[in-house]
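Multiple structures follow.
Next come two complexes built around chain A: one with chain B, the other with chain C.
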Partner chain A sequence: MTRMYAVDPWVEKPLEAFVVEAGARLALLMTPAGQVIAQYGFTRAVDVMAAAALGAAIVASTGEIAKLLDEPTFSVLNHQGKRHGILLAGFDTPRGRMVCLAVYGPDSTPGLVQLFFEEFSRDVRDACPETEAPKQVLAADFERELNESLSALFRT
Partner chain B sequence: MSDRFKGILDAITRVRGVRGAMIVVWQDGLIVSDSLMEGVRGNAVAALTSSVTKYAESVMLASGIGRLQFLHLQASNGVLLVVATGSETLVVAIAEPSVNVGLVRLELIRAAEAVK
Partner chain C sequence: MSLVNFTTREITCKIVYYGPGRSGKTTNLQYIYDQVPPERRGRMVSLATQTDRTLFFDFLPLDLGTISGFTTKFQLYTVPGQVYYNATRKLVLHGADGVVFVADSQIRQLDENLESLQNLQVNLLEQRIDVRTLPLVFQYNKQGLPRELVLPVEELDDAMNFRGVPSFGADALTGNGVFETLRSVSELVLRKLSEEPSA
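And now, the complex of A and B:
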């Protein structure tokens, strides 16, 4: 049974290759605002929403630290726990910046996840169609768009 | 790169036929220090070497022959040699197929002692 769902189908192949090669247990591809584009491994919508919100918050706060240090941006953030590690990394695409959150276990390593993230970001950039410009999310549309995305991500 | 690691890696790369050497954190697959010729993808080699040596150690433990000390991978265009330092790092060398493996191994063992 596939555990991956994507709002945009062109993301599926690169994401599938990434989770297999990097040994990721969970993966989220989203915008820096926390809009989810694709997910792998999550079974509940509430977990996706929480992970996306927290990931977006971390990206925003580290972005502010980068500004304080006169850095353009931090590209990769890695945290390691006893049983799990997370990689949170951003990259630019023709549709604007995207953020990947990957959770991996002891059977993988930060080096492997980072290595295959570089390939993943390249594959997403190559697969990303340029037609649709990144759109501003209005508060009025937010809930509807969120529900539509979650329906697509869980095929409800 | 700190002078300490530079000296350790220079001793390995001075051996004729060695294309690069690095010290890698075993559990992470990340580079501590490297000295590589152009064209060698250090990050990829470090990440994948860490992964391969983990599997190799599993095989050795399952075989009842103890922990991994030295790994020699021969390919069509070169060799990859790995020595575990006994702490948390690996010393890795990438070399031409014609390299004197014994000499590189000796330098890797010396490097592992120095890194430990």
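And now, the complex of A and C:
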């Protein structure tokens, strides 16, 4: 099932355009720590949380290898398998660095995905607001609900 | 840093299990994975060597349920404890909202615990994180071993827990102290989130 999930609405349009135009199955936009900011595509194609954690780790570790080689950060990593390929890339935005993981099938190519990724990263940079007004997240008296949730989770 | 989605009202927090090699970080996650209902957890991913030592990290996503109207999710990570994996340890630590320091209670492992704790502080400082403000919990694992082999919790607190943060004796193989530790760090992370407005 094609599904859009986004923490911020400004990312939805560029992400959907990227997936459609590149012929990708799924694209994730995440923080360098592997937390998913947005996702669009066939989410059943892959375990999203695990893929995000692994993708962020690959980008982080290749970035460190680049540092060891005194190279600028490697921008894009492509792997093409028999049935699926992945593109992994980091790019800077006004809100800091972000990481994109795109999964594509035989109906697309690494070149096509990379071409539209360049456009996507530009669109995200343009659409991304620098700051967001602070919002209250949790009520101060959240402990009771936390304890109930943890008890349910741990069956204590 | 916690990720807050105000549209879908979701919070995602990252908790890192840190500590010396073979202190029981992966065992903590395995126990949690085994005990938590399947619908409340995702797939556990382990990047390990052929001898089952952690090479990069273990990863376990958990769904805590709804708190203050927010669906709250935790992502648990372990770091590789072995000294020569410091580069990957730094990467896993990046963006952590809270840390569980899993110490090995065995008397002969005290120096390794202190070295790992010092390494945690250095790596946090490098990422400009003040260890005094980061939610931190100590777990003194392997308390189930014979008494003559392990240090009691009070002595381990004296040796490592300078800030007086929550600490727990544990035996991760049997699960003793595992959930208490996770409960405590969860509370600290969410309390910190409730005290500071999200950017």
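Remarks
Just so it is clear, the second predicted complex is superposed on the first by the 124 of 156 C-alpha atoms of A that agree within 3 Å, B and C clash if a C-alpha of one lies under 4 Å from a C-alpha of the other, contacts with A are read in each partner's own complex, and residues count from 1 in each chain.
Everything that follows uses one rule, which is that a contact is a pair of C-beta atoms (placed from the backbone, for glycine too) under 8 Å apart; a residue touches a chain by one contact, two chains touch by 3 or more.
Note that the structure is a prediction, hence the values are computed from the model and not measured.
With both structures placed on the common chain, the touch criterion links A:Glu64 to chain C but leaves chain B unconnected. In the superposition on chain A, contact of A:Ala6 is made with chain C only, not with chain B.
Set side by side, chain B and chain C differ in how many residues of chain A they touch, and the one touching more is C. Contact with chain C, but none with chain B, is seen for A:Ala152 once the two complexes are overlaid on the shared chain. Touch criterion met: A:Thr109 reaches chain B, while chain C stays clear of it. The touching residues of chain B, counted against chain A in their complex, run 24-25, 27-30, 43-44, 46-48, 50-51.
Contact residues of chain A toward chain C in the complex are 5-9, 31-37, 47, 49-50, 53-54, 57, 60-61, 64, 131-132, 134-140, 142-143, 145-146, 148-150, 152-156. In the complex of the two chains, the chain C residues touching chain A come out as 1-8, 11-12, 14, 35-37, 40, 42-43, 45, 47, 56-57, 59, 61-68, 70, 72, 75, 77, 87-88, 91-92, 94-96, 179, 182-183, 186-187, 190-191, 193-195, 197-199. By the touch rule above, chain A contacts chain B in their complex via residues 80, 109-112, 114-115, 118.
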